[in-house]
């Protein structure tokens, strides 16, 4: 078996999480190549009915009512899964996409909250994606709440955090207890390492396991079928990870 | 005014105006942005609809912006917006952080002539703490819907965008880029550049009419071949990723930015860059 | 489900459902209306978007309607809607009088997933006195904008409309009839008849995409040649003014209406009427 | 000179009222052939910059954002003149398009309020059009207020009644005094007749005049240029009044 890249590993892991009857429509942002590939892979694997909408993408982009349609569509309850990142994520599943340090000055500024402050409330299964599993990203308390992980009863909320996925671990958010539970750890890593590199308290699932490696068929499908359709929307990513030009 | 010039468009935008620019997935009028920089526009209030990119970063670097409202500013696959990142940290502009649907809704409020629009979600975000113009109210219908956010209408002085096609009657075809309809409806004036102006009325053809902003919303149109460069214009030409990457590198410092802009504002260098239509 | 049948569409609409129908300037699904009458649909809540015409009058005459919400009901140049005029005076249906932009705004509220939308004007109209579901509130932003009307979201169970064209992926082209986008977005289900279903994906062509409702909003599509008859379908065929005038005369009495409907529901009489495509 | 029909007389009279620098954009409903013809005639006469939008018409219809665009457009302040009818109109310029008798039962039902309850508030120059000048239409108090003629200070209102036009008279609404003032009377009729046939108190302008007859050039323009372009939107009207088929 060839070496599996970090990106391929993540794509395959996320793809498995998307294969559930609850999820009929996954929307993915234009800046999210790994989730985009995972959603298309889930569709290609065994779920042809799964609808994958890549926002502002040159392919798999069904929107015809302008920039607001994604948000309207989520507000209507037509989107089941969405991905959000975070320069910081805390144990209450609050996310920060704005900056480090005290706002508004900040010591380091990131792009901004995008649609997170809305999508997090409206999409039932939000996947949080940590670009780095460290105590610097997974912090006790975010410096700025772009979008809160939970809401009081007097705020309408149909959506919220479902999983937190990183290169090291897959955690599930328990909305009742308001904490993350470790479900599985990447091959070659330990529960202890995950606990140490997570800057907030987590629960360990009794049946915590090792995250499955990509299957040969999955990888084959990813390279042959998914990557080419991804290339027009995420050209730099597709070139770097799969060596495919748009 | 059909068949205006870019200079004429620029001359209408007074210092301090509230201008709206589309995101990079839509039709960004880069020739107008370059024109504003060349004319040393000052104290602009820039509304990104809803995300800023290259155009926003350039206007910030060129010191044209006093207030910036955006849900985010980024160069996309080319990385962080370098001038934005530095200038915001230094507190040199008045930054109004928003979230995408809030900007869309605020424009829809002006489109409908109402003073505000409600939006779900958002409550509990620190955005609400810092946006003194946003207001959270208790369920006004008393139907158990809970608290809700109200966003004040935003009425830009100028909607600025580029489009593939216009006609001699002043109608502008933007296809499925409907956020440009909302921008034009919400704004006092729309100043538009286009790749091409045709004689046949766009409204006479059902297929074109569906994607056409009627002339009553359009103040002036100027022809600007490759007017979105180095960004792309879907259906016409792609992004010039090399030029954008070059900008991203150069603009890491203010000096590098200024050198890059000087080169690129001088003459019609963009044509030499080999843009295919 | 693409390539469904009209019978299948009708079978999905339970008695008591809240259905939305477009105005006569838009694309009215007359074959579906005839189907509902033939199936003896009962207790429907009909939302006219925003004005009713022939379809509404027929559904009222056939006793399919329990509640009617509309800004007006009229046969246009053919005069008053005869069944509507009589039945409303007799108090036989629950009439919710509205005004056009209120209906548009209520649908936009559902489109955006918010519980209400504000609308200017209207205050001081007796409509507000009688619409217990409408609410007037004091300027919530405290900016001197005065009182304003809030309209609750309306979420139809079914948006029903006819269109010139669909594709095998379930996308539907309606061109500039954007109220059909709003209806489809706001409704739980959209049941659509079309003149024609093509193989090529409508979203692959920029010109068509601008006027195409994507399949995610569409529950089922059935082919129905001349499906808007005797109303017209802009760009395809005109109104059959003679047939509408004949209806207007016949339906002046309930007996005349019933005789007319019986004739016109039987067989494919509408094809004999000589409709040109 | 040929006989001038009632419709031609009204079209020409309204057309003159539309020729004022305040009015750059007239919108006309699809059920309003006389105002539609008047607006197109004003444009053809000496005002090529006048924008005439015939809502839902097959010609002169610039709207591409669906049924709501007219109302949004008015809300934006882009429409300067609009026409409203009334099965009843009262001296306070309240209009009733719903029915006679006590609502909701009513003794006679009319189509409904259409967009009047909104357009009357947003369009600066609303022309009221009475299909019949009688005390049955022009009543002391309408049975149902579809749209009120004036509003208290705490209701935002940029628009309202400007003129009331009938086959007998042209009256102007005084927004400060909240009453109609008679400006001119149709040829062959008297001020006394107008007063008698008006069911509410009116003021008589000191310089009350006779409404001008159509000029020969106006009629010629109307028949030659306006009528044909009207035919596709108002076929029955154009056939009846001008003998022109769509």
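In order of appearance the chains are A, B, C and D, and numbering begins at 1 in each one.
Basically, a residue touches a chain if its C-beta (ideal position, glycine included) is under 8 Å from a C-beta of that chain, and two chains touch if they have at least 3 such contacts.
Given the structure is predicted, the values throughout are model-derived calculations rather than measurements.
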Point to revise | Contact distance in steps, from subunit A to subunit D | key: 2
Revision key, fill the gap. Expressed in whole Å, how far the mean CA point of subunit A lies from that of subunit B is 28
Study note, to complete from the structure: Chain centres from averaged Cα atoms put subunit A and subunit C apart, in whole Å, by 40
Check your understanding: Residue numbers in subunit B touching 2 or more other chains?
Key -> 105, 112-115, 119-120, 145, 148, 176, 181, 209-211, 234
Revision key, fill the gap. Shared-interface residues of subunit D (touching two or more other chains) are 63-65, 71, 75, 122, 156
Check your understanding: What topology does the chain contact graph adopt: line, ring, star, complete, or other?
Key -> other
Check your understanding: What are all the chain pairs that meet the touch criterion?
Key -> A-B, A-C, B-C, B-D, C-D
Practice item. Write out the stretch or stretches of subunit A touching subunit C in their complex. Key: 25, 51, 53, 62-65, 71-78, 122, 156
**Study point:** Interfacial residue positions of subunit B with respect to subunit A in the complex
**Key:** 22-23, 25-26, 49-51, 70-74, 76-77, 80-81, 84-85, 88-89, 91, 95, 97-102, 104-105, 108, 119-127, 130, 145-148, 176-182, 234, 241
**Study point:** Of all residues in subunit C, those that touch subunit B in their complex
**Key:** 105, 112-120, 135, 137, 139-141, 143, 145, 148, 150, 152, 175-176, 206-211, 234-235
Check your understanding: So in the complex, which bits of subunit A are touching subunit B?
Key -> 30-31, 56, 58, 63-69, 71, 75, 97-99, 103-122, 144-148, 151-157, 234-237
Review point. In their complex, what parts of subunit C are in touch with subunit A?
Key: 110-115, 171, 181, 185-186, 203, 209-217
